[in-house]
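Sharing a structure below in structure tokens format, with a few things to ask.
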Amino acid sequence: MGDLPIPASLHDCPVVESRPVGSYRLVSFVAREVAALARPGQFLMVRAAGYSLDPLLPRPLGVHDIDSDLVKILIEPVGRGTMSLASLRVGDRLSVLGPLGNGFSLTGAGPALIVGGGIGAAPLTLLARALAERGRHTECLLGFKTRGQAVAAELFRNADVEVFTEDGSMGSEGLISEPLPECLRRMEAAEIFACGPDPMLAAVARTARDCGASAQVSVAAHMACGVGACQGCVIKTRDGYRRACSDGPVFPAEEIAW
Amino acid sequence: MGDLPIPASLHDCPVVESRPVGSYRLVSFVAREVAALARPGQFLMVRAAGYSLDPLLPRPLGVHDIDSDLVKILIEPVGRGTMSLASLRVGDRLSVLGPLGNGFSLTGAGPALIVGGGIGAAPLTLLARALAERGRHTECLLGFKTRGQAVAAELFRNADVEVFTEDGSMGSEGLISEPLPECLRRMEAAEIFACGPDPMLAAVARTARDCGASAQVSVAAHMACGVGACQGCVIKTRDGYRRACSDGPVFPAEEIAW
Amino acid sequence: MVTLETKLGSLKLKHPIINASGTFDVLEADKVLQADLFNEFPFAAYVPKTVTMQPRTGNEPPRLYETAAGLLNSIGLANKGIESFIAEDLPRLASLPVPVIASIAGERTDDYGRCSEMLAGREEVAGIELNVSCPNVELDGKALGCDPGRTERATALAQAATSKFLIVKLTPNVTDIVELAQAAASGGADCVSVINTVHGMALDPWTLKPVLGHTTGGLSGPAIKPVALRAVYMVSHAIDLPVIGMGGVTTAQDVLEFLAAGATAVAVGTASFRDPLPGARLAGELVDLMEVRGIDSVKELVGRA
Amino acid sequence: MVTLETKLGSLKLKHPIINASGTFDVLEADKVLQADLFNEFPFAAYVPKTVTMQPRTGNEPPRLYETAAGLLNSIGLANKGIESFIAEDLPRLASLPVPVIASIAGERTDDYGRCSEMLAGREEVAGIELNVSCPNVELDGKALGCDPGRTERATALAQAATSKFLIVKLTPNVTDIVELAQAAASGGADCVSVINTVHGMALDPWTLKPVLGHTTGGLSGPAIKPVALRAVYMVSHAIDLPVIGMGGVTTAQDVLEFLAAGATAVAVGTASFRDPLPGARLAGELVDLMEVRGIDSVKELVGRA
């Protein structure tokens, strides 16, 4: 996926904003080079700079948004790494490696459907904007567990967004896999771009195949190096194990062995 | 030394001030119970509250000052524990166990000489005030490596303080062991109270013995529990190993096996 | 409704969290801490510091050094000797509302039998833990706990001397800890404790000489949790005795994981230095973690990994 | 004037910091990172990922999990096989400005001889590291690196097959690592690497099942530094060969301490995941630390603990 890889490097970045967005946390930091280079679907390896050796390693986080020199990430605090990143405050510093990974390929044409599940929505804002800039008709289906997460949909601003929650506390009730086929047909969408939990991505892959659309999916895996060196982040594909960090994180849906 | 032990407990304390004092850092936090109970020479086991498991354990720090509900500590950043404490900012929280240890015994009488070396001066401010309140003529000899540390002498406010630095960059040049005998004689001091590096404490012990004064010294040791449970903080005394945390940190100088 | 009550062999525990030997001293804590320890004891059993036949002054200081998420210690089994322990401490421990598990170590293999015999008639003692694994002393020449034959013999001697609940505490500093667990089982142990500290060392950052007076020490704390969890998992799958899991337990989540890995009870050591009375708090938080997972009892939890 | 130049047996190194096998891949890094790696290589030698006779796909994912100040991995020696390594990678590595130390592991003891023979004639290869200690695979039945006899034999086979600088990489997962070091020395090793990862395990916090697809894994990073430092100290005092120290090296202070403990060179593994090119930075900082201590050369530093 994506185009030619762009050189990544390690950046020391001051946090300039950190605010809650529902149960997520939106953190902005200054990172001029990353802001200039990053493309939709790429990710960063992010950790707090400082004396502590715990958490030890950076965590992979999607580039959520770019605003001149500022890079924004959206964090779901699920474990010690993300919790400690979510607890950083203005003035704290981040160590950031990136931009990394292939990102979404934007060479296609025709109507595009963006599908996001939970925190998987984070990197899709940048993508929605990039597709719109390319003049492609784009709609977004975003699915969340509950309202506390779903309020993150507001971060998609001008995009055409439909929200689903499992408990019906915001938008329509249900999983996005349900409206997906109907929506694809209505839009006559040629291409799906998806990021979210594995079962959602598998459903996207199935639906795309059934409807004759192509699909690009961004997968998740535990990572250590983020640059293809450790073989730690592999996922099962039709060609055997491939690295989520440097062969991905975006893959053509049909390549993944679900 | 000291009087009856006073029950200690674990407190969650917000930092309300953190500012440099030369190369040290003065940190104030709210800890009503500690403020009410702590006596000169007692210490606290202090760590940052939060997700990180590194640094793992609290560090022993003397109670430097008390101001109604506020407790103040003076930190010399020498390693990862003290550096991470020194990097905390207003709003961060501390986990504080204390007050701990016996503290200085204040039951003596007559002129008192306070001797502090480097960061060993930290707990002596409270002591200087307590001795003055008891109407005892008190003078302080404070020795430092260099000016960056010696500016901490200003924290002794109204006390009668003489400063020495090894490089002569502030106060008189030299080690405090040099003026010590002369000062003791001039003051006709009955008692010395000292805290600082071991060689300094040993010099104090020798001089006190030679001049017929008594001396209480506060010793340092690596600690884990701070409450007498782990046997980790022992120092050599005439009665064999004794715990710096619960048998000390203040000992009669003649008991220590230098 | 979640219940934390559990049985460790013949011992009834009100919850699965006990203290690790050498890291919590109720007699000292009672003097220093604001807590009513003899009425509301925070752990489900009390394990005092290991005692030996003769009093020991312990190793040369410094005895402690913090490492990344870990603690090195080289206390060297400083203790007042089993006679003073029996005469001075046991009577006071009698009024604790929880079972007392005495911990003993031998200078020679025979000592395990002799110490057990001395404790055999004492009602205050519910169980005996044989510490065959302290890395900070070389009692009896080479570490007894690394040798299956001698571990079995020490256990058998203790077993012959007393009918009390017998626990053997294993060292991780061996090629195959399962072999040692099997030796303890063959010797007649009722339970094994897994693990004692991991061999380690630190240099003073400035002088570059060993920090610890004893040169090397034992590593404990969160740093060794993965090592301990694996040992608990391996041992509990290999032998039929209950396992007390320990090594880095700091949070209720850690307790949950050690139980899932196969421990029937869990001991807290180094974490007591972050919070001096963690037992009751961890038990409370454990209930919450079990509730959200729909797990009703410790029994259901043990070994579910 | 501080000089960092050092000799690791017959290898000349411009400074004492190299990379640990499996944690840094110059061919991948050159694609991804903004750095002129083939001209300014950040380490003093390059050790590629271990290769085996046959290609290996490696273990079932997940293969990584972070623990307190540590990292568990169960990669399982995923590699393209020694033939592809020789055909595809070696020619490209030839232009590196530092010595290349190939790392090999055997499915059977004989493989160490066969792989060494295949590399013997290759000019690009300055040295060979025998990885007898990967905890994530059970090649050849039981771990060869825990058995002194087989470690000696594997070393002797390699030694017979090549005159290249021969390093044996030891596991800490044994009762006595010195015994294994002595076996490597008897087999004809020129150097030993100390240590590979420590056995460990983690459970998923939510499901309470083993996180790693392979159930257990190898622990690395600062958490194991005390274990590694002790091993380096013990081994370097016991045998006459140079030691490459590794295990948790993250800062220049760590490098200093490993050298003081007895290592002649130091390898950086997990820390490369915090900073992808730490070698040159650490070397620079090391100079400062040596200067303030009045230490002029690595030689003066090695073993001074």
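Labels for the chains are A, B, C and D, by order of writing; each one numbers its residues from 1.
Note that contacts are C-beta pairs under 8 Å (C-beta built on N, C-alpha and C of every residue); 3 or more make two chains touch, one makes a residue touch a chain.
Computed from a prediction, not measured in an experiment: that's the story for all the values here.
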Handout entry: Most widely separated chain from subunit C, with each centre as the mean of CA atoms
Key = A
Handout entry: subunit B and subunit C, separation of their C-alpha mean positions in angstrom
Key = 35
Practice task
Find the geometric centre of each of subunit B and subunit D from their Cα atoms only, then give the gap between the two centres in Å, rounded to an integer.
Solution key: 46
Exercise for the section: Quick one: report the Å distance separating subunit A from subunit B, using the average Cα coordinate of each chain. Expected result: 52
Fill in the blank from the handout: Multi-partner residues in subunit C (2 or more other chains touched) are 68-70, 205, 221-222
Completion exercise
Residues of subunit A that touch two or more other chains sit at 53-55, 80
Exercise for the section: Examine which chains touch each other and state the graph shape they make (line, ring, star, complete, other). Expected result: complete
Exercise for the section: Could you please specify the touching residues of subunit D with respect to subunit B in the complex? Expected result: 68-69, 222
Exercise for the section: Please give the residue numbers of subunit A that touch subunit B in the complex, ascending. Expected result: 50-55, 80, 83-84, 87, 89, 91
Exercise for the section: Note which residues of subunit A are touching subunit C in the complex, please. Expected result: 53-54
Handout entry: Touching residues (chain side subunit C, partner subunit D) in the complex
Key = 67-70, 72, 146, 173-175, 198-203, 205-206, 208-210, 216-217, 219, 221-227, 229-230, 233, 248, 253, 256-257, 260-261, 293, 301, 304-305
Handout entry: Touching residues (chain side subunit A, partner subunit D) in the complex
Key = 5, 7-10, 47, 53-58, 79-81, 95, 97, 100, 221-236, 240-241, 246
